[in-house]
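Look for subunit A in each of the two complexes below; its partner is subunit B in the first and subunit C in the second.
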Partner chain A sequence: MRILKAEELPALADGAGILGTGGGTHPYLELVLAQKLYREGAQVSLMDASELADDDLVAVVSFMGAPLVSKERLPEPESVCEAVRGMEAYIGQKFRAVMSIEIGGENAFLPVLVGAMMNLPMVDADAMGRAFPEAQMTSFAIDGLDLFPFSLADIRANRMIITRSASAKWTERIGRVVVVELGSIAGTCKAPRTGAEIKKHAILGSVSRALTLGNAVRRARGEHRDPIDAIIDTESGVLLFRGKVDDAARRTTGGFVRGRASIAGLGADTGKQMTIDFQNEFSAAFIDGKLSACVPDLICVLDAENGEALGTETIRYGQRVAVLALPAAPIMVSPKGLPLVGPRAFGFDFDYQPFSGKAA
Partner chain B sequence: MKRIGIDVGGTNTDAVLLEDSRVVRAVKRPTTADVTEGVRNALHGILEGGHGEGVEAVMIGTTHFTNAVVQRVGLERVAAIRICLPAAAALEPFIDWPADLRRIVEGPVFLIGGGHEYDGRPIVPFDGEAMRRAAESIKASGVRSVAITSVFSPLTDEAECEASAILAEACPGVAISLSSTLGRIGLLERENATLLNACLRPLATKAVKAFEQAIADVGIAAELYLTQNDGTVMRAEFAERFPVFSFASGPTNSMRGAAFLSRLSDALVIDVGGTTTDIGLLRNGFPREANSTVEVGGVRTMFRMPDLVSLALGGGTRVVGNPPKIGPTSVGYEITKKALVFGGGETTLTDVGVASGLAEIGDASKAAGIVPDIRAAVRQWIRDEIETTVDRMKTDARDVPVVVVGGGAFLVPEKIAGVSDVVRVPHHDVANAIGAAIAQVSGEIDRIYRDLSRDEAIAAARIAAEDNAVAAGAARDSLELVEVEDLPLAYMPGNSLRVRIRVVGDIA
Partner chain C sequence: MRILKAEELPALADGAGILGTGGGTHPYLELVLAQKLYREGAQVSLMDASELADDDLVAVVSFMGAPLVSKERLPEPESVCEAVRGMEAYIGQKFRAVMSIEIGGENAFLPVLVGAMMNLPMVDADAMGRAFPEAQMTSFAIDGLDLFPFSLADIRANRMIITRSASAKWTERIGRVVVVELGSIAGTCKAPRTGAEIKKHAILGSVSRALTLGNAVRRARGEHRDPIDAIIDTESGVLLFRGKVDDAARRTTGGFVRGRASIAGLGADTGKQMTIDFQNEFSAAFIDGKLSACVPDLICVLDAENGEALGTETIRYGQRVAVLALPAAPIMVSPKGLPLVGPRAFGFDFDYQPFSGKAA
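And now, the complex of A and B:
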């Protein structure tokens, strides 16, 4: 267990932005809030999963709702604390630590905020290893763990618990209806996890991965080196393509932003065309029509100059970008993982294929 | 119709007289520390031609308010009211401001119950009682300018209007800035814009009065307008209330002037000044807007700003040694003292241009000593810099025309990769003042519409934008649509569509 230092917070934000793969964006507001809590004397400890006792309980938290609402209402970690307290009251036990459902995007900062406000350490782990659009796209769901009880709360002190649901899909469906009524943003606490479950079923080292990525990009920027190279050096990922965005088309269906971005190759990729299909996150990338990388591997579209992560809602005409593929956690590409998070789960009619250069 | 356009730059105050789309007279005068004197001198310069009769409007573009924020000068302490509780309480107003600016501007801060959800429902009922207490407290504090921001006010400004009415009653004469009139969705950035606006209000009143005085002093009976960063103007009394809209209007004016002079509405514009070159893209005659957050004086805001790339390349850029090290520093406004062709001791890009026969400025013999390989290296560097940036700004692979303006326009090569035609225009060195003179009036809206078809949502947004334009001084029947952007929203029920629309028309 070690203290997560104030100087590390910006790197965590940058790393979480990159691991957001276009859906979760750079958590600017959450970063400002974490820095404020640190200035006021808070400090959060980062613990390795191995430090948990098997019967310790971990609160797995996230925001649920529309990212745009958070831009207006600002992050409301108090609603998440309320969901955690609601869960503690329901199960009659206290949590030992907190962790995020996903390391990509805004949710990556929740354990820092909740940890600071409830004086709990955060676990160096998550359940996605990236960002995904739906709550059942987790390592816990893939391994068949129960996803209830599930608590939700808002800042008006509305608190509720789904004590039982027929499936992960049902938790998601019921949760969405409630969240819409609450103003399309709520704090949630997922099914409590024991230390033993975390060690066996969570994706370990996620926070460290985000920190390493963020640090690499920040260091490269400071030394005027190419941040894209710096990422490739620290991750076992590959550079798929460099180019200029020449089209981005979006539409919403079923509450998700879907669309396609098109990128004209530059440099070594001159003359080639990449298209990326997205469904909140970037889901599949093709070069001249041939599949290049797909979910659950991470497709990251970064500003070619400063290494900043671009989102499916912010990618636009004329941007110079580098497209990277980073490997998904092994559980995600396992035979039981792919039906939930592989290309077919996102409506594509092809099977998962590792990106070229990915270690088998 | 006669109009005078004035651009107050860091070095020169340029003025032009336009009559029925014809440039009748153009002058340059040095910018003065108090700004107004330079404006008065430029106006005198215009009138020396004997063309003062019948001028209907004077349009001034100024960086005065941006500079005030950047230099932390002339700013008012303001009170912040945020209508949000129990939401949006975790991050207080001013949270991400630079400490020095925050110390100067931050006054009493109040968070009050109310605000709305994304679908227009109240978060909780507006807490009028708390607002009345805040108003009393502001009255007692002596603060004279107040920023009011309510959650989702771009959707419904109800709470901000109620709060404003209570404040106006308790504190007569206090300047009130409402976030719903200033910005888009994104509470912190919109609130920051509102706070900046509030801290500039007294300065704006002072500046507008001084400009009006300068116009009266030279004997012109014309209405005063200030230019905005979207290439349009606002009436003086509107500008007094919305000084932040003038941020970054200079580069926008240059691009609008380039569109007017070249009669091209879709082109790239290269504006070469003394210190920097701005490259931007014209679409429908207006600069394409940047789509992201913008920092002004270290404060994160979200404004409609032209999407520009600035290069450290200007007429005053220093050239040192052989092989030459070029820039990034510039002799700036001291070019008329320091450049070789003006008898100074420093080699600048202007000197290299003169030595290469690209322009006749100052005494060419004094630059004759610049050897051919320096000239060649410098010209290659300029070409590389411009070609790279032009390619970056283009939105597709097709060749585009480029309009070249600004005092250093002669530095731009005749052939540029990816460019169909390098267009040079008369009066290019006062393109910014011309852009001010031709400016129209705009109205904008950025709202979320639910359960309407895309066409219905856009139609509703258009009416709202037109109402805003008319309020800013436009003639309703002249309004045209210049920008439509619709963005479907993730994780929202029904068909939620965010629509941003801008309309532009002639002065009423």
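And now, the complex of A and C:
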């Protein structure tokens, strides 16, 4: 266990933005709020999963909703704290620590905010190794753990607990319609996880991974090296495409943002066209109609100059971008993982295919 | 406290059908199921609210959803029992008795079914004095009681508790979207009510009222008298219109059936046209465009021959009908009641108006 220092927060934000693969993008507002809490005296400890006792309980938190809303409304982690308190009241036990359901995007910062507000350490782990749009797209669900009880709170006084669900997908479906009714954003505390479960079923080291990635990008910027290269080196990724965004169509529907971005090639890719489909996160990239990379691998659209992550909500005409693919966590591409997080789980009619150059 | 006898069940069904004012109509399937349970040895006690101790807890139950679905699927009171058990587990207390949120339609039979399955007496009371489409349209909400916790269960394994809500309307909104997602029907157990609350805030004697009404209709049929007259006499109602249904438009949307029925006058009403708007229940009746009766008063469309209630889901071209208005419970037309159950609560742009002939 060590203190997460105030100086590390910007790197966490940069790393989480990239690992968000378009879902919510760079958690700038959350970073500012965390820095404010730190200035007011808060300090959050980062603990390794191995430091958890097997019967410790960990609060797994997230904002659930459409990324656009988290850009329109200032982040209100109090609703997440309320979801955590609601869960503690329901199970009659206190949490030992907090972690995020996903290391990508805004949710990566929630353990910092909730940890500061509730005086809990954050665990160096997540359950996605990136960001995914749906609550059941986690290593916990892939390993067959129940996703209930599931606690949900909004910024009004609405509080709900799914005490049992017929399947992981039903937890998502019920939670999602409620979130939409509440204005497409709510704080959630997922099923409490024991220390033993975290050690066995979480994706470990996620916060450190985001910090390493963010630090690499920031160092490259400082040294006037190409941050894109730094990301590829740090994450064993590949550069899929360079170009200029020439179209982006999106609609916020059913609690998600869905749409497609189109990118005209530049440099070595001149004359080629990339399209990327998204559901909160980028889910499948095609070059001239041929699949280039797809979920669960990470498709990252970055500002070509400074390596900052662009989001499905903010990508727009004229941006110069580099599109990278980073490998998913092994459990996500495993035979038991793909039915939950592979392309068919996103409605595509094709099977998972590793991005080319992955072995390189 | 007395045993509700098997011979009384058909009268309860007839009376509840009429008091349903179109929402779900005659609870035939529930009657058949109750008779089956009785044949298998079940017996349900009917208790007066005055027999409740002030700190007894009463389970207030209902099916929540669109009436059409309750016609397509056989009734599954097990989901309501599950909602009741879920509530008992959440509050850590056992219920002393069960009552329906509404004496109209299928839900009037739920206390018989749940009572038989869980061995609980049913209270001679409800919270609407009729049927209403939304969960907050109750005497409890009108009197400012909280509508949480609110327990919900479906026929799969999905279970949910709204532990707190920002308002009565929010309980309805959250519950409704979940019910729609679950297939537009779910079993619910509303906020537990103490005996003291029932005695002070419920509408008392509702089951007896339905039995009296049903018995009057059945007696009139047996004696070849006009059952319509029997209903009017028993309930201090008025005959609004007689005619033939010449159009009915409905759609099941947002967890409700909404639409409009049109009736061409016959007999004394020849040449006139009645239209009736509905949201699960009939909510406003117009004769030649002029308001004739509206919520919260009961608008009952009955088979002109046998007095059987016709529902918003089943009313159809060619039916010969008598349209009656019956007076609402006093709390419903009170200044604090009308904002929740008057015409504006149903989206109409006019104020409540008593039906003419009411004083007669």
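Everything below uses one rule, namely that the second predicted complex is superposed on the first by the 335 of 360 C-alpha atoms of A that agree within 3 Å, B and C clash if a C-alpha of one lies under 4 Å from a C-alpha of the other, contacts with A are read in each partner's own complex, and residues count from 1 in each chain.
We take it that contacts are C-beta pairs under 8 Å (C-beta built on N, C-alpha and C of every residue); 3 or more make two chains touch, one makes a residue touch a chain.
All of these numbers come straight from a predicted model, not from anything done at the bench.
Colleague: After superposition on the shared chain, which partner residues are touched by A:239: those of subunit B (first), subunit C (second), both, or neither?
Modeller: Touch partners of A:239: none, neither subunit B nor subunit C.
Colleague: Would you sort A:73 into first (subunit B), second (subunit C), both or neither based on which partner it touches?
Modeller: After superposing on A, A:73 lies in contact with subunit B but is clear of subunit C.
Colleague: Using the superposition described at the top, determine whether subunit B or subunit C touches more residues of subunit A.
Modeller: Partner touching more subunit A residues in the overlay: B.
Colleague: Once chain A of both complexes is superposed, is A:163 in touch with subunit B (first), subunit C (second), both, or neither?
Modeller: second
Colleague: Given the touch rule stated above, what does A:180 touch, subunit B (first), subunit C (second), both, or neither?
Modeller: Touch partners of A:180: subunit B and subunit C.
Colleague: For A:313, decide between first (touching subunit B), second (touching subunit C), both and neither.
Modeller: After superposing on A, A:313 lies in contact with subunit B but is clear of subunit C.
Colleague: State whether A:91 touches subunit B only (first), subunit C only (second), both chains, or neither.
Modeller: After superposition on chain A, A:91 lies in contact with neither partner.
Colleague: After superposition on the shared chain, which partner residues are touched by A:6: those of subunit B (first), subunit C (second), both, or neither?
Modeller: neither
Colleague: May I ask you to decide whether A:42 touches subunit B, subunit C, both, or neither, giving the answer as first, second, both or neither?
Modeller: neither
Colleague: Which subunit A residues are contacted by subunit C in one complex and by subunit B in the other?
Modeller: In subunit A, positions 156, 180 sit in both the subunit B and subunit C interfaces.
Colleague: Could you list, by residue number, the parts of subunit B that touch subunit A in their complex?
Modeller: 84, 86-91, 95-96, 117-119, 121, 123-124, 151-152, 185-188, 291-292, 392-397, 487-493, 495-496, 498
Colleague: With touch defined as at the start, can you tell me which subunit A residues reach subunit B in the complex?
Modeller: 29, 32-33, 36, 65-69, 71-78, 155-156, 176, 180, 183-184, 244, 246, 250-252, 255-257, 264, 280, 313-314, 316-318, 320
Colleague: Applying the document's contact rule, which stretches of subunit C touch subunit A when the two form their complex?
Modeller: 86, 89-90, 154, 156-166, 170, 173-174, 177-178, 180-182
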